[in-house]
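Dropping a structure here in structure tokens format, bear with me for questions.
Letters A, B, C and D mark the chains as written, and numbering starts fresh at 1 in each.
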Amino acid sequence: MPPDSNTIIQSDRNITLKAAVLEAMFEEMEVDENVVLIGEDVGAAGGVFKQTEGLFETFGADRVIDTPISESAIFGLSVGAAMAGSRPIIEVMFGDFLTLVMDQLVNQAAKVHYMSAGGFNVPLVLRTGIGIGGSLGPQHSQSLHSWLAHIPGLKVVMPSSAADAKGLFKAAVRDNNPVVFMEDRMTYNLKEHVPAGEKIIPLGLAAVKRKGVEVTIFAISRAVHTALAAAEILLEEKNISTEVVDLRTLAPLDIKTIVSSVNKTGRALVLDGGHQSFGITGEIAATIGELVFDYLDAPVMRLAAPDIPVPYSPSLESLMVPSVDQVVAKVATMFGGSV
Amino acid sequence: MPPDSNTIIQSDRNITLKAAVLEAMFEEMEVDENVVLIGEDVGAAGGVFKQTEGLFETFGADRVIDTPISESAIFGLSVGAAMAGSRPIIEVMFGDFLTLVMDQLVNQAAKVHYMSAGGFNVPLVLRTGIGIGGSLGPQHSQSLHSWLAHIPGLKVVMPSSAADAKGLFKAAVRDNNPVVFMEDRMTYNLKEHVPAGEKIIPLGLAAVKRKGVEVTIFAISRAVHTALAAAEILLEEKNISTEVVDLRTLAPLDIKTIVSSVNKTGRALVLDGGHQSFGITGEIAATIGELVFDYLDAPVMRLAAPDIPVPYSPSLESLMVPSVDQVVAKVATMFGGSV
Amino acid sequence: MTAKLNKAQSIELYRDMVTIRTFEEEVRKMFSAGLAPGLVHLYSGQEAVGVGTCAVLNKDDYIASHHRGHGHCIAKGSDITRLFAEIIGRRPGYSLGRGGSMHIHDPETGNLGTNGIVGGSVPLATGAALSAKLRGTGQVAVSFFGDGVLNQGILFESLNMAALWSLPVVFVCENNGYGEFTEIDDVTAGRPYTKRGEAFDIPAGKFDGMDVLVVFDAVSKAVERARNGGGPSFLIFDTYRYSGHSVGDKQEYKDEKERQLWEARDPIQKLAKLMVKMRLASKNELKKMDEEINTTVVAAAKVAKKMPAPGADDLARHVYAP
Amino acid sequence: MTAKLNKAQSIELYRDMVTIRTFEEEVRKMFSAGLAPGLVHLYSGQEAVGVGTCAVLNKDDYIASHHRGHGHCIAKGSDITRLFAEIIGRRPGYSLGRGGSMHIHDPETGNLGTNGIVGGSVPLATGAALSAKLRGTGQVAVSFFGDGVLNQGILFESLNMAALWSLPVVFVCENNGYGEFTEIDDVTAGRPYTKRGEAFDIPAGKFDGMDVLVVFDAVSKAVERARNGGGPSFLIFDTYRYSGHSVGDKQEYKDEKERQLWEARDPIQKLAKLMVKMRLASKNELKKMDEEINTTVVAAAKVAKKMPAPGADDLARHVYAP
């Protein structure tokens, strides 16, 4: 039983992102017995962040599998299991440890369907926690989503809120491709109303989280909340009408929604929590520059984490996360002296 | 003795890129006994592409070390050795196998200097062959330079020609940081005059390989040659004056040269051999869009490998490499109907 | 097995080994003629391992192969024309000609693929075994790998989980003495190498990989154990690759004597002699079979060479599954 | 060592163990007071391993530590005030407060760092040993790692190269029975675990990690062998962490009895009893020492707490070496 699933009544389903993903796992494991969960401490312990709590008790040790600390082979085994007909969900505790599974992810999982001319599928979900916060230090704070989005054959999902997380996770489990599902730990406890039951959000659709007409902020994962807060301030303090687009998935990337928003607003800021250089902001800004050039009233701006290992000390760590103030300031520059 | 080093007279130093790097290794190993070469088949066999030929005979098994097939630990040991005072050159046979060393590269090598507040350096060069060609198939044709350029603490060098390769390799060996030196195998046999002896090319300086005034093509590694060939055709057939900038290093990135070139030409195409989406072309195009916006006469365009695993069959493989014709066509579109 | 070897079985083993040898000769010719564009690693000399192993397996059992994998594909039952086609990059190949020699997958025969990453396929086989166990299908998986993999970390991680969960997987190490141009004994500590399996309490053994009946016996026991829930086995077969690491390698690092010693133990000749001795086949019958096989293989090669290359519209297919 | 244990030595071992225990208590308090912002993993209970090992080493010998590494830093001779400072993220810390508990490096004491990647530091120690050998310095390196690392591939790869090249490295596994909340025996195949070293022909042994003299003896032999060109050793010390995985973990997965059994073998009490019995120190002297250490450690903590956080201009320093 996932916590609260029975006790929460429909009208009061205000739950956290963490609980929403857990609920998605629970539901998907219930409908498809080929779905198994594999990872370190995911079983009896219920996950180091209690993010898999209750699954072991419900589905047993055969379907909720505690592993040794062997990231490379855990993931490699999952690829083989997926090729053979299972649908594994693999948890990699910290996104920083993706560095240990890259060979199996990039050279095997991402290419098997292509290399076998469609003969084999690799239906799996790699779930991992990312982001800066809580002073976890340089080796536990990285967000390497730009790497993954660069690899043909992988899908990359990064929800910003509970309802999206649930719907996207369910879509990820049902997808026949390797999907990397990245959750910023700082969003784990964000609550919102999550509709009960079957609500699947197809991968590849961005969501306009706030409508506006003068500038668009593109963001994903935790950064969406920064964007929304900045939009509020921009309206109140500078009378700038800001649209906020949550990309939700990087691969597939919803270029249509990106283009149509900037066509309307004429200005764009791309915001991200990963390191800025050679990260995702470049791709999105470049895409906009290429496709919307004639409608641009200002250069496409970018804001992401500085190119520095994420430090431990809270006073420095907080400088690594693009702030609401920085976003406001950056957007203001796009309106020149006029604001 | 590096091949030819004695027999070639100064005036006739027309040597291949492969020989130039070998010469650089030879010279650096001669002047600094802490420089050691480590890798698979690099010793007695002289490298699978004969790229380390002669080093074993000259420097012996203590300094030219044949390893087991254990990429993760080979690289990890090298990091430890570098921290302790050695200056290893590590060869990873194919750039695709970087996936096996990412943990030690990203979580250790790149961050040690920062995490130790300057207490330890990690002076090493990771040398690897990349690129598309020769039908090596999906697992032996990747160019993952965008990953590396995204990681603070790493330097990334990608020479396009023999003289650059030698000067940059020597700089890389003398650098006190982890440097990834990537050579496109398709450039291995390109020859040019390489000055004898000490000529170090500092990391972080792009080179204008052809002067022009109407459009700039930014490229790196093998793609520089595509750009140069296209520039020639553009001049002859369309009377377009094209500047070609060889970035040479991605980290540090020579933004000054990039900006000043586009300030002059007003048009830019970014060309690369890696997959296009979320690759390096996005970063460079976005940087130009941000910094040169007011001087742009056309959207910054990009051309790179499609987002598809690199296929084996020659007829398809060749479609993965941006061609001279594609570059010419793309540049032509920037001049609208006027050309 | 020698004692109870019957005619049908012996002929099947013989036929498969000769088919592989003949196939590889054709591949070598194709390469020399410039038809096989990439790297090709020939299996000649190692036939007993692949054939002896796959002879034990059911069609729906899994194998995961490596860069020297043509022999495994053939032994597991893939179509040789389509194999040729893939190796020379033609559209009817197993991957539309987009994978080549190192990336041949055949779901029909449970073949999880030849593989370009040394060690990369070990967890794939182990994971297929995990899935078989979870789904209760009774399938077994075989992981083929070269001696070079004895030093890849992912092997050890896989061994640990296979043992821990008693997975129905057989680890088959083909020790041909070399990884590319380096002698395996020069870069590998610990003797005998079977201790690498025993460290995980996995039953391990080292066998003559030039004798197909020895292989068949050893693998039979391992597969039986696996199928009965007894977990993995770790088998090392000593064998030899007659060719260079890939076609084109002149093998200057090997000495002539070594080569002769191994060739004297040729797995095909060995079985042939035994069959004649046990009166399972006459020399003439074997010779006839050789010729038949040669005709078939040469014909298949000819067909493959006439097959079309993939078209531009094949480039972007199958990047994502529907 | 028991037989020839002298006063000075025993006092040094005792002092280091008590310092670590006291230090960790202060860290716990700092964490509870909200001063240590990240994750802290305490070494309490395991002191004998770090202290017994480092007592054998010279100052310029290398160690590479792991996420539970405060004890190693102290035993190797780092300054406790700067350690506290780093753990609470203050500028005078070893990394300007930018590394924290899991990223403490001290070149002065040959400490290649505590480490946040399970298994990540094993090749660092092995590589430092390679460098020492190449440079002919006579230095030895110790790789400290937890039982969880027994299943990480990079351990095996490192063991192989260490054995192959007879590197002066000692592999010290601190088996405290758990990796986070999972019992090591539940996820680790093969008994005894020393077979993981023996597979590479590395001399291996399992020892009581609650007895500092046992540790000292075992490591002494290993270091001597390493220094004399005899290559690596693989030592497993059975020990116990009194605290949770990190401060905050309530350890519901452990049972009370187990805890009591281990506490009865407390390494500090054990040495204390022996010292009294051998008349190397009286109970009173030990008590006085405890108090002195407590005063010193508490004072250091106090100093650290007053130290400034790093400034914004420290953020971007040292991304690249000059």
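Going forward, a residue touches a chain if its C-beta (ideal position, glycine included) is under 8 Å from a C-beta of that chain, and two chains touch if they have at least 3 such contacts.
Only a predicted model underlies this, so the values are computations on that prediction, with no experimental measurement involved.
Common partners of subunit A and subunit D, by the touch rule above, are B, C. Centroid distances built from C-alpha atoms place C farthest away from subunit A. More contacting C-beta pairs link the chains of A-C than the other of the two pairs A-C and B-C.
Chain centres here are Cα means. That of subunit A falls 31 Å from that of subunit B. Averaging C-alpha coordinates per chain places the centre of subunit A 41 Å away from that of subunit C.
The distance from the centre of subunit B to the centre of subunit C, each centre being the mean of the chain's C-alpha atoms, comes to 37 Å. In this assembly, the C-alpha centroid of subunit C lies 46 Å from the C-alpha centroid of subunit D.
Contact of a single residue of subunit B with at least two other chains is seen at positions 67-68, 70, 72-73, 96-97, 103, 107, 111, 114-115, 138-139, 152-153, 307-309.
Of all residues in subunit C, those that touch two or more other chains are 95-96, 98-99, 103, 115-117, 120, 151-154, 157, 160-161, 164, 187-188, 319. Taken chain by chain, the contacts link every pair, so each chain touches all the others. Partner subunit C is touched in their complex by these residues of subunit A: 34, 36, 62-63, 67-68, 70, 72-86, 103-104, 107-108, 111-123, 152-153, 155, 176-177. Across the complex, subunit D meets subunit B through its residues 62, 64, 94-96, 98-99, 103, 105-107, 112-113, 115-117, 120, 122-132, 134-135, 139, 141, 153-154, 157-158, 160-161, 164, 317-322. Contact residues on subunit B toward subunit A in their complex (touch as defined above): 96-97, 99-100, 102-103, 105-107, 110-111, 114-115, 138-139, 142, 144, 146-147, 149-153, 250-251, 253, 274-275, 277-287, 289-291, 293, 296, 298-302, 307-309. Only residues 40-41, 44-45, 48, 66-70, 72-73, 96-97, 134-140, 306-309, 311-316, 319-320 of subunit A touch subunit D when the two sit together in their complex. Contact residues of subunit D toward subunit C in the complex are 151-157, 159-161, 163-164, 187-191, 195-196, 198-202.
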